[in-house]
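Structures incoming, each one as structure tokens.
Two complexes are shown next, each including chain A; its partner changes from chain B in the first to chain C in the second.
Right after this comes the complex of A and B.
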């Protein structure tokens, strides 16, 4: 154990009320919707919400790791499109490959793209917003170039490729199980491994991290690679679930991913955020998305609702952190 | 004194690099296409950067002050929607322009309020409002388009003031002169640099930091409203996808122009040269039928390279120094 720093760090579980408040909001929302539309609060409907939210959960977990280290990854959705296209092309040319191999291949591809972001941030010191804004455009461009702008449709993908994630086990789809496994693994990583604790340290107080021998850039790199790996996995999942791969899949989805993190209480200033919060943030967005058509609001309004929720949650986050003592000379994070 | 001299030399050097790059692009465009080098084509080419340049100017001031606004393109879409519905209601062109500017300033003020009063980091605040503004545009218009613009409205985006100088180009030149004077010749400009370099020190030396930040956001919104008038008038139609992805290009122009993402550094001449360079480059690519997505890929690579090169060279220099120290 390294000696305790003189000033206690802002650790993620300082605000225990936050997750429970969000959970309460979700329960109230489901209950209210269930009273008016009883078919919404049924088990099978909620199972569909989980299935529908699984990809968002996996991506938001990766994004959280990056945001915890004071960075941001705007290229996740583009990474999903690129990894998804690569997996789809591999499937097309080698239909006999087992799904597990394709999945691992997608994760490897995604990690490589994540590593590009990570190296730019770590070794080249490009601010993460600039680096990932650039790679976002690059990844999409590469999808267009390798696919020559063509679509890969469901009839060009093997039925097994599309079916695997829909198979159910104990009542839940494989897609849902993957999200649950992701949640468990990331939670364990963050709580019980040194690499995971270092992410919080690197983001919470980079100067202190450097003093105790933690390489901040290296932690940021690790976060980007993990985020990319999850995006690569989601590339396969997205193509399999929606049975199509083309340049614009998941276009703009990075906003929902960031929204889920902000709603879940991950601070953009780094150093705080919990798996439980992110999971609840995703479920919240998933319920809103599935409830909108029920309430009779056009799906065209989905984006505006997301924006409103991001802004609202960010304002609440700032109020919560303003109550904590701040060092006078701490400059505002950008 | 030495340091100021050093910075001045460095800025000068950066702007000369941009100027040289513009020359190279001009030469390559001329050599690869027989249609490029004539007055009418060049006048057409200016439309490739006038609207983006107009937004890039206040964005440069905003980024020099250490903030950023990702929502500019979404604000443009929302302004265009306002004009589209105004046109449906039979408003004259002048009222449409007023409506667009009002919506733009409103959106910018909303960003400024979130950042200064609610203390939300600019990045999160404007990612949220980008989704909100663009989302309202989608929600209101869906997959429809508005096209019933009154006669005379087309002048803003298609009219020429004198010879080959379009109204758009004249507006951009005026805006650039105003911004350059404001940033480089007035106290306000010096304070903007001070805020970006160290906002705590700026606050403690009596600068109303949050006031400046708020008005810079409002100005960026106003410029987005003006750019939306020009673009909507040029296209004569409004769709929710208007100016999609422009935030990437506008921010690239500002960073390419030598403005530091961390604030405190950058010049208006640099930003203008970057706007011209990017405009001519994409115009040249367009002449060769390069699809838009490949163009944004090239812009993305350009953006990263521009930021990476000085970092890499300074790191290499530091590495060399450290090895010399050790030996």
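Right after this comes the complex of A and C.
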């Protein structure tokens, strides 16, 4: 046998990923904050961070599914408000309903609203940014209509409705446990099911996906329905946690949700993104939000800090996908 | 009993608008045989591939697959039948792992749960069969073009492909990588696959193929065993086309002053050592196969991409770094190859399209003057005999030929002194094509310097005063059409 030619040089197989870099940043941040303000790095404080971030995590996971298929859902926060209002009204009129029924009802409502987005994108072929811009306003409008603009306050909601998600089990609130369950289920879906893998195919290269029999529009619809379902769940969680339902709850929250995805390395061009990345993106935003008052920076700066982080993350994403010139010349030509 | 022929095509025809892409093609492919499909650019090879892979439907003709008459309705159907295409353009998923790209249609699973370990193991096994050391867990975007081909071939094997079509698989590969690929082609043959191998590189064809089929102008003009062919006979068969078109009479050459002088121009990875001069009143043809670097050269000259090295003089002056603004100010214009994406704003009106590059001349204090735009549009609609209802009609309603005339007008309206044309008559009907040829000839006789890239050999030879040939990023020949044959030019463009 003739001697094998030497192997070409290859870059190390595992370039430290986006996730590990972000995790390192978070660890350094927590350590630095903990050294200066020891009360920050305590277990109970970190538990609060998780509690504060749980809803963001669930919504960002849903948003990631949509972004992976090369779409975007601007209506998530409006969906939260509408599903939340429906759950609150149901609770108000039927205080005897078990919490689980209310929760499932919220998820169903959210799925229906997500399906509206999905159908617009799949069958009507409206670009998702326009479709969800429209439904965002629609959903808020419907909250106003069904509530006649009135608030539902804590005194109108049953005490156990407000208490249930605060109950703790193994030291974590039900809210946190729900977020953990959501993370596990979405991770399972994305990594270990054909339906989950099809989302990546549809968003990564729609033309090639069609060649291997993936209905791109159908996958996008699925992502919108799941995103809506999570928004519906968050509608219930939001109303129960803050004990109030009105037209403007979670107003502008869709931006935080999208920011968490971008920081977590989800490519806005579709086709890539991991549950771990999104989770870290959310935790990062949660820590920044909880740390700013500690460091003495006014919470009003938080928007600006978030913006800075998003621009930085987007720049990193771009650098990773810079275009290579075509190779026409023989490398060894004289 | 003898097995039926794997694939038999008879009387296959396909028409795109006015252009006949395939005319009455007959073809047979046997299992365990590598068939080379050769032909000039535009001879119909890609159309044939697209029909076999279910992208296009033939207008007429029969396709028999393993003795049965079939209709390849979609790419999925082609794949289910066992036809795999190794594309030149990657139809792969950049962000996913090698293993997942291989098993994209059949991920191993148990109870609906994907078994990643199993997938990586099977992918590793397939890759080892192909003597490849690619890591199944690697993301596809970190792979070279050659490695991507291997991944696509592994996918074909895992799909139990019986026919593997390779469309210029080595176009972007180095010598060593090409040799590696040819070894895999031989493996596929041993495996009992039929391979339809499309390439312009004769050395490859002779070493890899058992049979050859020559397409010319959409017709199957010759076929036979490779052993009985020589490079010269193949080149003759590819080039020797019937003259179905007349070109405007060439005027006695009286080259004017040098307007463009290119010295040692290079761009990393794309082309190098490019030297030539372009005279006023001259049509300089630039011939080369798709992917030889000719379009890249035009883009660098017009400042669309930065050059790495070399120098360019326009009208005896150094314009400094090449930029689009500088090129336009110096009187250069580029009519790009892809009319729909690069040349025109399809949803805008004829008037807007013609006005766009000429806005400074048409506006007053920064405000566009509608009447001036209208006059300009009417002028060119008349001059080039553009068929339209009004100047307000949008571009997308027009035929390809009329669109091309508008793209030409929009640049000619600025009275350029150097005109770069990239495939000026691609995809337009024969009458408009002749009109465009006459226009180009007239412009040159008025003193315009024209550099024309074309993949059509007869066009290059019929129109140019001089022809430069490019091959793999290098200028490989210069010819005077009246003293050169089509075979010589084709030879310079393809010889390995």
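Assume the second predicted complex is superposed on the first by the 306 of 334 C-alpha atoms of A that agree within 3 Å, B and C clash if a C-alpha of one lies under 4 Å from a C-alpha of the other, contacts with A are read in each partner's own complex, and residues count from 1 in each chain.
Everything that follows uses one rule, which is that a contact is a pair of C-beta atoms (placed from the backbone, for glycine too) under 8 Å apart; a residue touches a chain by one contact, two chains touch by 3 or more.
As the structure is a prediction and not an experimental result, all values here were calculated from the model.
In the superposition on chain A, A:134 contacts chain B only, with no contact to chain C. Contacts of A:25 after superposition on the shared chain: neither chain B nor chain C is touched. In the superposition on chain A, A:90 makes contact with neither chain B nor chain C. Residue contacts after overlaying the shared chain place A:126 against chain B, while chain C stays out of touching range.
Of the two partner chains placed around the shared chain by superposition, neither chain B nor chain C is touched by A:46. After overlaying the two complexes on the shared chain, residue contacts for A:304 are found with chain B alone; chain C is out of touch.
Once the two complexes are overlaid on the shared chain, A:189 sits clear of chain B and of chain C alike.
With both complexes superposed, B is the one of chain B and chain C in contact with more chain A residues.
Residues 329, 331-333 of chain A lie in contact with chain B in one complex and with chain C in the other.
Of all residues in chain A, those touching chain B in their complex are 72, 120, 123-127, 129-131, 133-138, 140-142, 144-145, 149, 247, 255, 258-259, 262, 268-269, 298, 300-308, 310-311, 314-315, 317-319, 322, 329, 331-334.
Residues of chain A that touch chain C in their complex: 5, 7-8, 11, 13, 191-194, 197, 200-201, 204-205, 207-208, 210-213, 267, 271-272, 325-333. Across the complex, chain A is touched by residues 66-68, 114, 118-125, 127-136, 138-139, 142-143, 198-200, 248, 251, 255, 261-263, 291, 293-294, 296-301, 303-304, 307-308, 311-312, 315 of chain B. On the side of chain C, the complex with chain A involves touching residues 75-76, 79, 90-96, 100, 104-105, 107, 109, 112-114, 116, 133, 135, 137-138, 142, 144-145, 172, 174-176, 267-272, 291-293, 296, 472-474.
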